[in-house]
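Below is one structure, written out as structure tokens, with a few remarks after it.
Letters A, B, C and D mark the chains as written, and numbering starts fresh at 1 in each.
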């Protein structure tokens, strides 16, 4: 067996951290899309990831659809679930408050988890890696090809979303809802539809995250909650509502966990990330890229 | 209580308030004599509300000091300043909408009669007595401002004019020596404005010093003893209403002489 | 106020209605498993097995002609819930013996109840602490258990390592009760076998990647890795081990790896991995001369026929527990003290799924390390090591 | 904001007193007394949370930590050092209070979702500490051998006795909290909820009050934790995980967080749903649970305790 140098180890920690962080970032981006339009933190975001993984397993492995067909099909199915979530759990709420919305999304995540358990059972499932499982050695670190897919999809997601929000009418309309819903509805934007769209979009992104991570970590029905917590942490660390913030926040969390586990103590790795998160908030109460004024109006 | 007639209750001493590069206040300098009504006027963005926020401790000034009864207060926290005897109202109404009219005024008494957490929890006789005392005082104030018959209504169910009045009543409940009113007449109709004006005078008649920010010149000229004019964060004039009315600098500021 | 009282009253009435059906005479056995929740991979097969065994016993005429009534509650792996469920079984359902719970944690939460209510409890969890009272230095009077302990698994692994002349090892564990308990035994027994633990790494039960921990281990170049976990993490860790090119370092899994599903999920990465398993896992590999051959074969066949899913070894713990309880009921009736005495004194050579049980006043575990056989993954299936 | 008068409080006391007797009369629900012990333990926490969240408007997703601190301080000091349980309970309260003070001061400067995240992070960190410091806490396997409670030779060794002990504490905490709410301090809390700016200007020490009520809720949670530890004689970290903090939120929301009755009703209903009633749905349990929550959130925004008011309004309209 080839030995590994300390530098190689360090690089390995970083690349693993970035991969794990990319998943957190994707979940965080999903949080932000909904948050920007509605100020809701959708705690069912992690369930979209879980569903993405499991639906893909059923279509790709179970029904034998080729990757190229199963991928979009999975996204569409999960997107529909996201839209259903908005229509059944969020929009019927008569007097939304921060807490009632939090509870509604938690209830929805419980429902989705229960349904997933009913459909797929409690066992974990596997997906074949997109481009095989032969690892690449680079600078002394060993990299699974799937890592590149994860990081690549994060980059694609960020680019597509940026273009969407800045170049398309629909995207601009959604941003307008975020800035001022009353004004947006005055100029004829259907705020309800924008909310529905935001749920659809973030569900689709969750599905992507689930599809690309399953070949690395397997997927089972109750994985969603932990992913939601990590993604929420990433979104808050970066500043709620900020897309660059979500990406940076996710990558930082992933890197701290990985370096903390490698260099200090693997038992406390999650704690390191959270301690850093808390201190960032104490120093900058609205996250790295967050807008202090925005965070002030979120009365509870 | 020695010699209260000519004492300056409030001194604003070369206060600078900068937000990033923006100078909201640049060394305005004035004082308020005990027992008078003093108005601060100036065009939009002149720094009037910022000045209120500095006086009441919401902002701590970048430079300079504010003295209350001779003591510097600019390093104190908002609630400590309220304790010392400065009370205020807000330009955008900040009532406790989920509480009743009476409770709003009762909360105003917070600085004067305070029950400890423990005493309240154990429902000690002292705490109960205090609570009764507060209620009676709040009712007295409600009668004074004319809202006694609505004491149990939720505060946010009142019409705008009455909400403004209620805010003044709440400010009075802390038995302040100085009360800062931020545009008490904004958005009111003629009758309501009239009520507000007479209320301000009545408050003053009780010996409370009033500092007033107001756009409605009729109100300002009618009630105030002295006026300070701010423009771009600087004091451009100070004096009795008659003088201010004829001050060319003031006229220029209001007419918007850019050059 | 009045309205609230009416609402409460009707609720109470409604929910009490369901209980008014009085049960028929029968031998009652209670069971508490973590059927749902994170540790359902233990409780689910246990419940299915227990239900199947009870049906089989009743189909064969019951116990001395009386029906065996099995009452199963779900603990969801929650200590509080397990505690409530056991109390309910004992005080309300009036069972004669309780089997379960599935986890060491939930078992420890109900152990005091067995003594308090003088009811025999046959736990289906691993830790030796369940039956052993450290303070008194005796076995807990009312508590028995069926699974092999972590100590036995560690014994089996360390013996195998010693045989191969390996002494420098790295250990990895999941931060759950199962992992922590195994880790504790690995550390405790290391000096006895002359093992040096070079790295002691941990990961969370929902972690997505263990590359970091393995990279750290790789840098230390131990001669073997011992991993203690359950659920998907033990599969992910194998894939990372393979991807990092560490296959030259032998990998030992705990007995928690005992399901073919794991080999399948590892997608080839499990080749060459060792683990200690009970007979039930490898029924097909047993020779007909093996003591456990008959019971293991029958269980495998019945389970597959009834549930149409691969057998999980954890169900075997419930099989052993319920069969022993039934045997005691058949011999001494439903007197709880007599059942306890019977278990302690008359379970001698009971052939179960996970071993041949010999209980005694000092030993309420009943198994020794012979209950484990060292198995290796070869061509995607179990094979006996050596 | 309901004024809570003497009659409902005495009714509450009366219901507590007769509960074990009533449960004993109805076959099939004798063990409800046992479930009620836990409902009481959770009520202690939700009463504090109701003040913190419903009245002062500050969210916390980390109260499982304080619950755990109480349990572990009690557990470690009694089982390892053989100290008197009551002293350990006080020690737990002091530790939880001190931690709440240290963590609360910086955390409570945050608002809304940021505050939620900070408290959530705090809760998870403490949970990891319970897991990792195995020398003290016994690690994930938990810690057993925690003695029961007794006072002057009177043992709280039966379910009924412990029921009265726990609900005695709940009743005391309830009355104490009602008194606070109906005093100037309670008014200050509600003022903070409504407008921090105005409360500050009226001389309310906003940050001071927020920390104070945070500490109060932590103390109650810690007390609940101690009571739990001495009842079960065993504790493990899983009891104090993130999901328990979320369950507490659910209790508050379901019962109605603007109302102290809601805290008790929510804790009671969720306890019975989780430990008793949902059991009948077996595999569907999780789905039914989610559906119930959703229905309550959608149709009863003020929680179950808000239903009488809602009905009153409806009837008033006609």
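In the analysis below, a contact is a pair of C-beta atoms (placed from the backbone, for glycine too) under 8 Å apart; a residue touches a chain by one contact, two chains touch by 3 or more.
Worth saying up front: this structure is predicted, and the values here are computed from it rather than measured.
Q: Using C-alpha centroids, which chain lies at the maximum separation from chain D?
A: The most distant chain relative to chain D turns out to be B.
Q: Can you figure out the chain closest to the middle, judged by Cα centres?
A: Chain D is the most central one.
Q: For chain A and chain C, let me know how many angstrom lie between their CA-based centres, rounded off.
A: 35
Q: Cα centroid separation between chain C and chain D, in whole Å?
A: Distance between chain centres, rounded to whole Å: 34 Å.
Q: When the C-alpha atoms of chain A and chain B are each averaged to a single point, how far apart are the two points in Å?
A: 48
Q: On a C-alpha centroid basis, what's the spacing between chain B and chain D, in Å?
A: 41
Q: On chain B, where are the residues touching two or more other chains?
A: Residue numbers touching two or more other chains: none in chain B.
Q: If you look at chain C, which of its residues touch at least two other chains?
A: Within chain C, residues 36, 175 contact more than one other chain.
Q: At least two partner chains per residue is the criterion; list those residues in chain A.
A: 117, 265, 267, 270
Q: Can you name every pair of chains that touch?
A: Taking the chains two at a time, the touching pairs are A-C, A-D, B-D, C-D.
Q: For chain C, which residues are in contact with chain A within the complex?
A: Within the complex, chain C touches chain A at residues 36-38, 40-41, 44, 175, 201-204, 206-209, 211-213, 215-216, 218-219, 221, 231-232, 235-236, 239, 243-249, 261, 264-265, 267-268.
Q: Please name which positions on chain A make contact with chain C in the complex.
A: Answer in residue numbers: 1-4, 6, 9, 12-13, 16-17, 19-20, 23, 117, 122-126, 128, 133, 135, 137, 141-142, 144, 213, 216-218, 220, 222-223, 226, 258, 261-262, 265-267, 270.
Q: Quick check: in the complex, which residue numbers of chain C touch chain D?
A: Within the complex, chain C touches chain D at residues 1, 3-5, 7, 12, 15-16, 18-20, 22, 36, 73-74, 77-81, 83-84, 87-88, 91-92, 104-105, 108-109, 111-112, 127, 129, 135, 175-177, 179-181, 184.
Q: Looking at the complex, which residues from chain D come into contact with chain A?
A: It is residues 53, 57-59, 106-107, 109-118, 120-122, 124-125, 128-129, 131-132, 242-243, 246, 249-250, 252-254, 257, 283-287, 289-291, 293-294, 297-299, 301 of chain D that touch chain A.
Q: Going by the contact rule set out above, which residues of chain B touch chain D in the complex?
A: Spelled out, the residues of chain B in touch with chain D are 56, 58, 77-79, 82-83, 87-88, 90, 94-99, 103, 106-111, 113-117, 120-123, 127, 130-131, 134, 170-171, 174.
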